[in-house]
């Protein structure tokens, strides 16, 4: 079950890479976050870890629902360009994504003595990190870049949830707090720009 | 000690004669009517009687430099090797010092040339500086080599040593050093092919250009200095490279020495008659030969021991 | 104690909401209160548990905190006359103060933390608040650079967190939830079961930090941002933000040293030499003060990192202190220096009249010459000791000649920087035309504070204190 | 912390001898300087820092004062900032001195294991266990000889010395260069002893080349201070020749000869300090009066500035190594020590040393030519410009500075045995054997060489006889009561004027032409022809400029290289901002890959794979397609 959701997580991220519409991208991000939340809930239940459960619920609430909603409203408020074509050609991307996956598994191969005893989780997290970076690279517009950054955050959480069986509560809350802060700052950035244009 | 003083006196007296001798011998060789052998003395006495004309552009350098040109040479006269076996010689002066004293004399001569503000003086000094700069290394290297063969750098001691043990085993390097030194003799004394002491043609002058503005006693002093310099070189050449005949009694040995000096003069005259004056910028070639021979002399001495 | 530490920042935060013409005057003086707790922390017996195991004060971070507090005071002072040198609206001015306060809080957390997570949170807070500080400048360039900072800073920060989690993953089997505790991790570093995982984590963390400090290949990134924003931002960057980053690097690398020293050293050495190579040539071509100082800041951070991993703890800390005082001082003075145009280096130090002016140019010359480590600048001593430490590492390693060659290359690269600075200094001092410029007392006061702090650094007691750290 | 052994004391003496007359001169010069406070602060700090260097007892103190010395001298060069050249020169000087400092720093760090408080004796122990002493030796060479101005690090001298005020040039050239020699000697003797044979040869070669290069470029110089600066290069070369011979003899086991050669080098250090300071003071006085450094604008100054002219003459004789001056004596000693190469068994080395002899000898010859030029063109003949016409003797303080310095020169000439006694003691304290008894076996009249077949020189007798004979001749001349008449110089019927005199360019012409393959001189000839006539002209101007070969080949090319590299780096660093993410991506790829390959398990196959992958990804993601 856990592995299935990890697969879904990765799949949604890869799909997001090929998306050419902003709202579609937001949707894939939301789905991505949702799988992450479910993963947290699943592992949390298995480990009887309340903190993990809270994290899962918060993830679903904030990342899968809240942030996409905010971003969507921003995009309407500030008239984002919604047509986002990837800069990197599809042909390259097709080659690049498997290469990244191969590389990360090769990289993670010597890792031993994990708590979850599965180095593949690390590999998948690193590859999703690379994929989110790729997402940031292939777009010139700011909005997809922000989504790229947010999915990087997701891959962090994936690592934290799967590979380490959850981080300390304090840290996770801190991360959420910072995420909110980031959204505020982004809002301000857009806002200033808007004011100036007006 | 008496022989020592006598030798110096004889050499001093002989100095003008040697140059006049070369001149007249050259004239004979060129089928001209020779000038008198005593011309040098005549010139000297005539100049001594004349008044001194000093240029208004000159400074105290002109007033004192002629003496400073002559005095190092006169001092050098006292340091020459003995001409008679067992005679007194100065042991506390070596070849480098003598080289230095000769340079000192040249230094003031060059300043003298520049002092009069004439184009000729500067030209002469410039050329002299050029030549003497190149003479210096050849001189030092030759001295270096000779001191090895003679077993001493002290010039007097070297002469004695060479006379006592003629370096038969080092004949090759001895010969090379001799050739080198002979070239230096020509270059330093302004003889053809380096300089022509007899013309006053601006293209060729070196030594004469520097003293163009001197007259009277000053000119006499400089002329004397030139002849003394020739004597010094000739007697150094004779003592170091033809160290023969010292074992006889004093008068005979001195006579032999004088004969050798005249021999050198003859050689110089022959050379002068048979070569043309070199262009100034060809002079380094000649001096280069001298340097090469000096090096060769050292190398053969070191490597072959010959 | 904790309250006292955050009090000045919080007061500034609160006051910044009051809409009055004169609010910014008291703000500067409030910052002085920070000296009380920080000085107290320096004095207290170490380790001092400020907040359980989360915030622990030891010699190292007490020193770093003190240094950054002085920088904070200096910057707050110089901020008073920001509107005299650049165009800034009252609102933006106050908002600048507000974000400055947030920034400060975040960094105090970071510096004092004994917990990777808290360290990260503080850093993130600071990063995000900086974005707005950059934005205070209403130019297009500043807007662009603010986004840039947002994106790249976010990436860097995420990388750091990613690395932290990897390290956590490697240590959790032995330490459990406490695997994020720096001290515990350091004590148990040798027991880590999967050193490879730890090392990957460390590599990711350091890449994140290096990107944030503008190392290879992001050299011009930081310089451009500092160019585009108001000059106090640059001062805050180099004086406070970078101190927080570097103290993290100190702590992480300390653990990495226990795990595998050779790997750590090779990695950092190659990285920093590469950085200095690029930076020295970039410095050679710079044409304005901001980029010049900013790039030289990158160079100094690289040197600090290098000295630290070479075992030259004292050298690294001294260099850090000198850098933290010198760079903000220089950045703050650019406000005055550039009052006749951004790209006018020639004659920038001329035309200062009166006592204030004389003091100003004198101080700036001192700072400029101290940056290139002429004696008796603290940088002179720190570089000597730092390179000494490197030579020692070289002597105990296997590739002595290769290391020597690398050190030599490093020194020659530093000579290039030296040459550029001399050129700039001479040109500022002796070339160009004379325009009269005005210096304000508050900026001068902050420069004087920095100057005294620098002098204090080379005093024997301070030196001994630094030698006693670790 | 501080060290006062004989070597230090000797150099303290040197600095004081150089500085005290300079103080007088400097105060006389002061009205001429605009930034008086600036000048005075740095001037005294400079002298103090030099003293600090020679008494420093550990590495840290040494480095501190060394840098302080550089710093103050740099600021002193910047005294006259109105000049663009000054700023350039100062920058170049400071860079060069920093360049040397880098090597010194490295040397100290290696030799002290990073603990800079250790004394020189401790350093010796550390160095003894260091595997590559030659590395350290080269660091010393680079570090100290770049400050001393030996080839190929000499390029800054002809720029820095002319730019500095004259008292400072005198101090820098006379004393500061010697402080560098002190450092070189100090660490060779105290730390790096014993020396392999090759080191001595390296020093000898550097010395020979420096002496030749220095004098050759001095000849082509028209700026009087640059000329003197080039002569400093030459004299440092001569000192290094003596030093190198000493090192060679020491490593071959000829201890007596070694001490002798070192004494010669030390003696030349003192001599050069004395006459070079005096020359710079003289040049400074001339400059002070005529406001130009161009030697072609002087002429006839001996009439208006007799004291300057006389002291300059004394120094010229001394620097040209003419007997019986002190310069001659030290050069004589160096020649003598080279004569000691007779004993060397190694044939190739034995044959190589005559080349050094040759270099030294030709240097001597050219130095004479050069100083005839410098003296003759400056002080003799007619005034070549209005500036020279209005010159008059300098003020009392400057005069007394010059006179004091000439007294130092004369004392070095008269009290040679005394100085040599001290040099001998110094070397004994550095664990060499004493040769004083061998050099002066029969009192102080005659100085003997310790080489086999070596010569003798008797400075006092020479001096006495030269003075005696000259006086005798003068008295004779006076006794003759020769009539004297003053008239114009005879110029073949033409009028003699300032323009018909030989110029400095013309004077050096033959030599310049002979060495043109080295000079590669840049000639400018401009002529206003009258009508169609090629040979008739109303106005003409001929100038020759020589740019030193080392500067064009070594320095400008490295500057070009730096420029090119920096441009390349600059372009590389200027990516579009959208590429930042891509750069980080690739960076991560590279770092993680490297960790995996190099630090976990290495195989060439994966390495080459990594290489290819990274290259492709950089190409695709960062550089992108060509547009």
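Every chain is named by a letter (A, B, C and D) in the order it is written, and numbering of its residues begins at 1.
In this text, a residue touches a chain if its C-beta (ideal position, glycine included) is under 8 Å from a C-beta of that chain, and two chains touch if they have at least 3 such contacts.
Predicted model only: the values in this text are computed from it and were never measured.
A.B. asks: By mean C-alpha coordinates, which chain is most distant from chain C?
C.D. replies: The most distant chain relative to chain C turns out to be B.
A.B. asks: Pick the chain whose C-alpha centre of mass, unweighted, sits closest to the average of all protein C-alpha coordinates shown.
C.D. replies: Nearest to the common C-alpha centre lies chain D.
A.B. asks: When I count C-beta pairs in contact, which pair ends up with more: A-C or A-D?
C.D. replies: A-C
A.B. asks: Go ahead and note the Å separation of the Cα centroids belonging to chain A and chain C.
C.D. replies: About 31 Å, centre to centre.
A.B. asks: Using mean C-alpha positions as chain centres, tell me how far chain B is from chain C in Å, no decimals.
C.D. replies: Each chain reduced to its C-alpha mean, chain B and chain C end up 78 Å apart.
A.B. asks: Cα centroid separation between chain A and chain D, in whole Å?
C.D. replies: So the centroids are 68 Å from each other.
A.B. asks: Just the number, please: Cα centre separation of chain A and chain B in whole Å.
C.D. replies: A distance of 100 Å separates the two centres.
A.B. asks: So which stretches of chain B touch two or more other chains?
C.D. replies: In chain B, nothing touches at least two other chains.
A.B. asks: Which parts of chain A, given as residue numbers and ranges, touch two or more other chains?
C.D. replies: Expected reply: 107, 110, 133, 136, 145.
A.B. asks: Residues of chain C that touch two or more other chains: which are they?
C.D. replies: 151, 155, 196, 200
A.B. asks: What are all the touching pairs of chains?
C.D. replies: Result of the pairwise touch check is A-C, A-D, B-D, C-D.
A.B. asks: Give the list of chain D residues in touch with chain C in this complex.
C.D. replies: Contact set of chain D toward chain C: 60, 63-64, 67-68, 71, 78, 81, 84, 87, 90-91, 94-95, 98-99, 102, 105-106, 108-110, 112-116, 131-132, 135, 562-563, 565-567, 569-570, 572-574, 577, 580-581, 583-584, 587-588, 591-592, 595, 598-600.
A.B. asks: Touching chain D in the complex: which residues of chain C?
C.D. replies: Answer in residue numbers: 144, 148, 151-152, 155-156, 159, 196, 199-200, 203-204, 207, 211, 217-221, 260, 263, 266-267, 277-278, 281-282, 284-285, 312, 369, 374-376, 380, 383-385, 387-389, 391-392, 395, 400-401, 404, 407-408, 411-412, 414-416, 418-419, 422-423, 426-427, 429-431.
A.B. asks: Would you tell me which residues of chain D are touching chain B in their complex?
C.D. replies: These residues of chain D touch chain B: 299-300, 302-303, 306, 317, 320-323, 328, 332, 335-336, 339, 342, 347, 350-351, 354, 357-358, 360-362, 364-366, 368-369, 371-373, 375-377, 379-382, 445-446, 449, 453-458, 461-462, 465-466, 469-470, 473-474, 477, 480, 482-492, 496, 498, 500-503, 506-511, 513-514.
A.B. asks: Spell out the part of chain A that touches chain D in their complex, as residue ranges.
C.D. replies: Of all residues in chain A, those touching chain D are 87-88, 92, 96, 99, 103, 106-107, 110, 126, 130, 133-134, 136-137, 140, 145, 148.
A.B. asks: What residues of chain B sit close enough to touch chain D in their complex?
C.D. replies: Contacts found on chain B: 48, 51-61, 64, 67-68, 70-72, 74-75, 78, 91-97, 100-101, 103-104, 106-107, 110-111, 113-123, 125-127, 129-130, 132-137, 139-141, 144, 147-148, 150-154, 202, 212-213, 216-217, 221, 280-281, 284, 291, 295, 298-299, 302-303.
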